[in-house]
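Listed below are the structures to be examined.
Next, two complexes with subunit A in common: one pairs it with subunit B, the other with subunit C.
For the complex of A and B:
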């Protein structure tokens, strides 16, 4: 029951927060709850066996038996770190938004925790309809977070965000229904269980667009491409990010975008292997273009947050490139890059949010010489910048390097294009850094009526775990890669006929551990 | 020869008649003094509940009555539940609505129950003449109910418009029956459906006209394009509880009557009929949704949304008539009607609670500040709107899911695709009230938001809760409907 606990604990916390008697208790309680939630998710380390690619800790209940819809949860190497990333970011976000969100804090934290449930649910759901439910449900809290606590054009941004995502996902819903009926016709029973659907051979005709597998592939891809977001369906992202409050941006960039790339890895490529292989070039191309395009557009942004938003487009381009390289370097790198992006872009949004709280401006031009006034902030910002441009020893390097290796293996042209993106990435980040922190003191920095204070204790505490992770993941990727290795190898080796089994008992390298025995007893 | 079993089948209607007559009788014998509204509503609700129990006691076996003129099968039983439930909520809304409060309430209940009797007749009819009778009884009561409103201009206009156009549609319907009788030699629905294939294959022109006119008559009642033009005006001009009743009970019964007429594989002989109906469905969805975007008045938004929903339900009807699995499609249509009715009742309940002047209704922008003044109502409305938009895990999502599922099962990909596109469009206007409620700063004008009506509030909260609860546990309901419908034979 561990997975259900992890998924629904935040929802319970949201309900508790909703009925908490005193307004002033909300933030401390929310922070405490977030820590509890993170601690509970750490139990995964105990019961997760990294040696097998099989689905672990599975839970199964029929939900709508007539249609073969079930409540099926499970976790494997692909989703393991994403779940932990999600639970890790929550306390960071709660602490980081201590002063950023100043109205209706009760409703805000309820929305944040409800969002957490939806996101965690979509990472561990192994039933397509259940996944869809969580996937769509995540829109609702985010819709409110942007729409209520956002900036000037928040209504426009949040509507755009909602409608964009809805277009893709509703079309995907048709695809899901079609798959379920295909299962009925070939397997003899209707099911939305992904593990069963992997066994389907959806008819594919190469060189012809109108065949079931290609259409399904593109329908699913569109939904996830919008979520990622991939060039050219990325236009909702800058608006959403710029208008969203800082914590909203962190969660959006940190976790929600990964639901798209996760969808490619879990559903699109394994369910439609031939179409994925056949049309991989499209996505390699779009991924590479996204990298360069995102970087070029980021370069000319006058607004810091918009710059970071476009850098997200660029970074997520790497992930797509890695995924569709479909070799072990590429896929490993893609998973790693998803985590990196969560950590470093999350950190960037937090840092931008901190300075915004002080000056209420994000215009790069109005800053300058910040390094003298806020030295600790500068150091933190610099570390995160390095991570974002993938300097060796930081986490970004490991991910991008692996992806480029994989990308070159798959297609030299697109690999080279991506390398150009690496250079451009360094350009826009360092240029922004230079304009904000060095040189002549800008109007906001030398404003004597509003002297700028360096980061406070709370802000420092928020950044410390992120900075630690940046170096940890950069210097010692092995412990992180250990957990994804089996799954990735299984994925790459069987990409034409991908199948997953459910691990019945959590056995750790041959011998039963105490935790496993306890788990088994619980099951009985 | 009328046997006891005939009486049993119409027993729910008789109970309704008696229950609705009592308050009026009290009034007559009490020197025309209105009985306490509480008494009236108690009798009405009791009557509806008793009718529900009577129907439940007869469910499980298919029964016919009055020489096969009426049929009580699983579809009829569930349709009856749905109509009775909708009527109960509509009466609850009417109880302390601005328009009715302590004024002619017993007469209103009487007419409403009379309309329910007509609706049930329509639901159970197995003969086109009875179908016609049902439609007329149902509609006549509603014409009066609309005209009885305190509001002067809009309600009279609505009533007149509905009456004239409705009579026109009835005439067409009746003409269609005559032509069908001329070709089939019977007005019994099973006799007609048995010969549909043969007549369509032989290109019997008279029958073509007949069935076409029949469909037009139905299309008017459920506001399918291009017979939807009355809908926004009539919905806006009517007292909100009556609007809610029209949008739910009347639609449910008419769609089920359509399902009965379409219960034949013979329609597959004429693919042109299918493409014509598909176009009507697509146009209905598209026109309803695009027009809803342009509306400012919340009631008109919901009116157009109900037009759009008729389009969605048409998808299910087409799947039932032209697919190879009538039963599964019929089950889904019932399920969708169920989800649609719950959401519609809830959203009209909110209008009933907030509106101060009948017929004018309230604009979407008037909802500003609702979250502050009435957080529970605001949250309930939001849940219902998300459900209407089809966001999981609400009932609206599962309704759409099963509807598109049936379309894909019968290879109606284009219809499913149009349905999806339209769902996306509809998200925009369903979420606009949410934006107004939560995302715009409320100013002082929001003090005017006065909520009245305890029972209407209960309706709103209850329906909102239902959309989530049944959404999460849709399986039992779906199973029950399935079991009931499959028992049909």
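For the complex of A and C:
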């Protein structure tokens, strides 16, 4: 029951927050709940066995037996850290947005906690329909977070955000239904159980674009590519980020984007292995182009937050490159990079939020000389910058190195193209750093009416765990990699016929599904 | 027990500077330069002693070829093993002693130099952090660990160049250094990937054992040749070679001891060190070797000519460094890895000495760096003058000082090696002539002649012992350092016939080019004579120009006109890079943003959106308010949905089959 507890505890907390009598209790309660939530998720370390690639802590209840839809949760090395990243970022976000969100804080925190449930659900759901429900559900709270607490052009941004992601996911829904019918024909019963669907051999014809597997592959890919977001369907992201309030940006970049890359790893590649293999080059190419394109456009942004948003496009390009390299280095690096990006881009958004709260401007040109006025802020920002540009001994290096190695091994041309990102990453981050922190004091910095204060205790406390993780993951990656190793090895070794079993399950879920279906028939 | 003691010594060697960094870094606001400097210097000194203790084990009968220490497994994924393990063999022994030894002296010098600075503690923290990363670079047993240090020293270089960051120019110089280095680092990464894909390992000993016995590659696209070329791109970044040398002169924006430590003696030689370390690999890629030799020779000459015209004392030394590094690459390119290592060591001595000397001058002249405003300083700063004098003789290559031996060995190999040619030798020869000229010019304008500053306002003075002791020690090393590599032709005529110790020391650790050498002992004597005479002649000419007849200089300048403008402006390389590469990239990116993101992708989305809206407004006319009509629609909808649900799969499949013949 641990997974259900982790997934639905935030929803319970959201309800409690909704009926809390006093407005002033909201924030402390939310912070406390977030810590409890994180603590509960740490129980995973006790029950999770990193040595096996099998699905663990599985929970199964028939939901719509007639259609083979079930409530199936499970966790393995691929989703393990993503769950923890999600729960880790919640207290950070609550504490980090203490002063950033000043209106309707009750509604805001309810949305934040509900979002948590949706995101966690998508990482542990192993039934496609259940996954789809969580995946879509996550849009709703985020829609409100940007739409209500966002900046001036928030309506435009939310529309764009919603439309883009909806278009992709509706197509995916069709794909899911198609798969379920295929299961009926092949396996004899309808099912949305991913572990069962892995066994399907969706017809694939090499050399022809229009065959069922390739079409399904691209339909699923589009949905996830928009979520990631991959070049060229990335343009919703900068707008969404710029308009979103700081906590919205942190969650959006930190966790929600990973739902896209996770989708590739969990569903797209294993469900459609031949098509994935056949068209891997498209994604290696788009990944590499995304890295370079995102970096180039980030470089010329006048707005700090938009710069960070475009850097996300670049960083997520690395993840895609690693996934479609489909070797141990690439996939491990991709998973690592998802975590890195959650930590370091989350941290960057928090930092940009802190300075925005002081000056109400994110325009790079109006800063300058900040290092002298806010030295501790400068050090924090610099450390996160190092992580973002993947300097060794920070987390970023481990991920980027593995991805580039894997990418190069898979495709020398696109791998080499991606390496250009190493240079450009340094350019856009350090150029911004130079213009904001070095040189003479800019108009916002020397404004005598609004003297700038260095980071306060709360802000410092928010940053400390992130900084610790940056170095911890950079200096000692093995304890982290240990949990993904078995799953990645299994994935790489069996990518042509990927199967997952459930650990120590008395009955196979396939039989369970079949039994449930039979049961249903008998009743009739 | 013995090995665990080695681990203990390695831990001290590497962790001492890290602890120094933490000790100073955590109290970075302190203005107590004496405390900060003492901590940092003690940390560096501890490293030096530990290094010495380890190196001592390599001497004597039955000594091991290398001392290694394994700590923990950093990364281990499916065949990629990156252990944190270190090695001191005969190559890294030289390097580690230079880095920690010269490093300690420069830390000591910094105490005096930074005594008036606002943030001395931060400075010393960075300096220690640099040393730590440099040690990782030198001692790491695999390329990944070397890369960690490689990027780490680049980071510290960035921090120290931009140490006085409120000055926009200095901050820009730091960024330029980091980004230029990153271009090299990208090459380093690709080289590493190439090696890993080819040999399945990134450990030095493993790669070297795997290449042993392989035949040399003849073409340009073999894996070893590509790897060697990629790695060399990395070296051109870190070691400031054409086309990536442009950051090093700007890097002089940092405090002068930093220039001595990072931008002369240690970090910038990392590229040479890397190639020497992988010499058995490079020797298998003769085409890559040729590229290295040509780039090295070209850089040696180009930088030396720029050095002829500069007026900033540090800029002259910076271009000189670029030029001398060019010599080291020339040596690597012709397969004279031992000579490269030799010059690396002697250069570390005399260039660190000269940079510290220039620091002493700048300190004494109240932050003046323009040599046109100096002159006659020999009288005011005798000790600085004397030590600088030793450095001058050493670098222009007059016997028996250090530079003579190492530079001459390079010139000889450039001529005689199977990979060498008379053209490479000639380039080195021209470079040597230029070197002797600009260095003498620097001596003349700084120390000789009459003072050109206002003696009532400026009172040049010698600094305290923390700054003079390092100068004296380095001067001694610059004077006698060359004796570790006495060439055979000279050794034979000396009493006791001293052999070439360095050659013997490195024997078996570096690759030796196969094939016939050309040239005889007589030839070696002739070439040696030529290079010494040209150095002497250049020096005398420069002395005549700048001390005896300064008017000649103006006449020559006017006669040269355009050529002088070209060289004085460093061949306009920075301007060309900006106009032809950097600006187009920035403008192109702005265009991408404006046209692709905003105008193309977004507009396409909105057109699609409008289309949907159009359909929506047509659909609106259906909302007539007629209940029966609504019911009909609902019924149709339900039927349609059911049909959809149950027939979807079949019809979709059929559709696909029909339409696409699947």
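Going forward, the second predicted complex is superposed on the first by the 504 of 524 C-alpha atoms of A that agree within 3 Å, B and C clash if a C-alpha of one lies under 4 Å from a C-alpha of the other, contacts with A are read in each partner's own complex, and residues count from 1 in each chain.
In the analysis below, a contact is a pair of C-beta atoms (placed from the backbone, for glycine too) under 8 Å apart; a residue touches a chain by one contact, two chains touch by 3 or more.
For clarity, every value in this text was computed on a predicted model and none was experimentally measured.
A.B. asks: Should A:154 be classified as contacting the first partner (subunit B), the second (subunit C), both, or neither?
C.D. replies: first
A.B. asks: After lining up the shared chain so the two structures overlap, which partner does A:28 touch, if you call subunit B first and subunit C second: first, second, both or neither?
C.D. replies: neither
A.B. asks: Between subunit B (first) and subunit C (second), which does A:302 come into contact with in this model arrangement: first, second, both, or neither?
C.D. replies: Neither partner.
A.B. asks: Looking at subunit A, does subunit B or subunit C touch a larger number of its residues?
C.D. replies: On the superposition, C touches more of the residues of subunit A.
A.B. asks: Now for A:443: first (subunit B), second (subunit C), both, or neither, which partner does it touch?
C.D. replies: In the superposition, A:443 touches no partner, neither subunit B nor subunit C.
A.B. asks: Between subunit B (first) and subunit C (second), which does A:415 come into contact with in this model arrangement: first, second, both, or neither?
C.D. replies: second
A.B. asks: Once the shared chain is lined up, is A:456 touching subunit B (first), subunit C (second), both, or neither of them?
C.D. replies: So A:456 meets neither subunit B nor subunit C here.
A.B. asks: Can A:431 be said to touch subunit B (first), subunit C (second), both, or neither?
C.D. replies: In the superposition, A:431 contacts subunit C only.
A.B. asks: On the A-aligned overlay, A:178 touches which partner chain: subunit B = first, subunit C = second, or both, or neither?
C.D. replies: In the superposition, A:178 touches subunit B and subunit C alike.
A.B. asks: Under the stated touch criterion, which partner chain does A:485 make contact with: subunit B (first), subunit C (second), both, or neither?
C.D. replies: After superposition on chain A, A:485 lies in contact with subunit C alone.
A.B. asks: Hey, what residues of subunit A end up touching subunit B and subunit C alike?
C.D. replies: 163, 174, 177-178, 180-181
A.B. asks: Mind pulling up the subunit A residues that touch subunit C in the complex?
C.D. replies: The contact residues of subunit A facing subunit C are 160, 163-164, 174, 177-178, 180-182, 184-185, 203, 205, 208, 210-212, 215, 232-233, 235, 238, 293, 296-297, 299-301, 327-329, 332, 369, 371-372, 386, 391-393, 397-398, 401-402, 404-405, 408-409, 415-416, 419-420, 422-423, 426-427, 430-431, 434, 437-440, 476-478, 481, 485, 489, 492.
A.B. asks: Quick one: which bits of subunit B touch subunit A in the complex? Just the residue numbers, please.
C.D. replies: 386, 390-393, 397-398, 401-402, 404-405, 408-409, 413, 416-417, 420, 423-424, 427-428, 431, 435, 438-440, 474-475, 478-479, 482
A.B. asks: If you look only at subunit C, which of its residues touch subunit A in the complex?
C.D. replies: The contact residues of subunit C facing subunit A are 73-80, 144, 147-148, 151-152, 155, 158, 162, 165-168, 171-172, 174-175, 178-179, 182-183, 185-186, 189-190, 192-194, 196-197, 585-586, 588-590, 592-593, 596-598, 601-602, 605, 609, 645, 648-650, 652-653, 656, 659-660, 662.
A.B. asks: Would you pull the subunit A residues touching subunit B in the complex into a rising list?
C.D. replies: Interface residues on subunit A, with respect to subunit B: 62-67, 129, 132-133, 136-137, 139-140, 143-144, 147-148, 154-155, 158-159, 162-163, 166-167, 170-171, 173-174, 177-178, 180-181.
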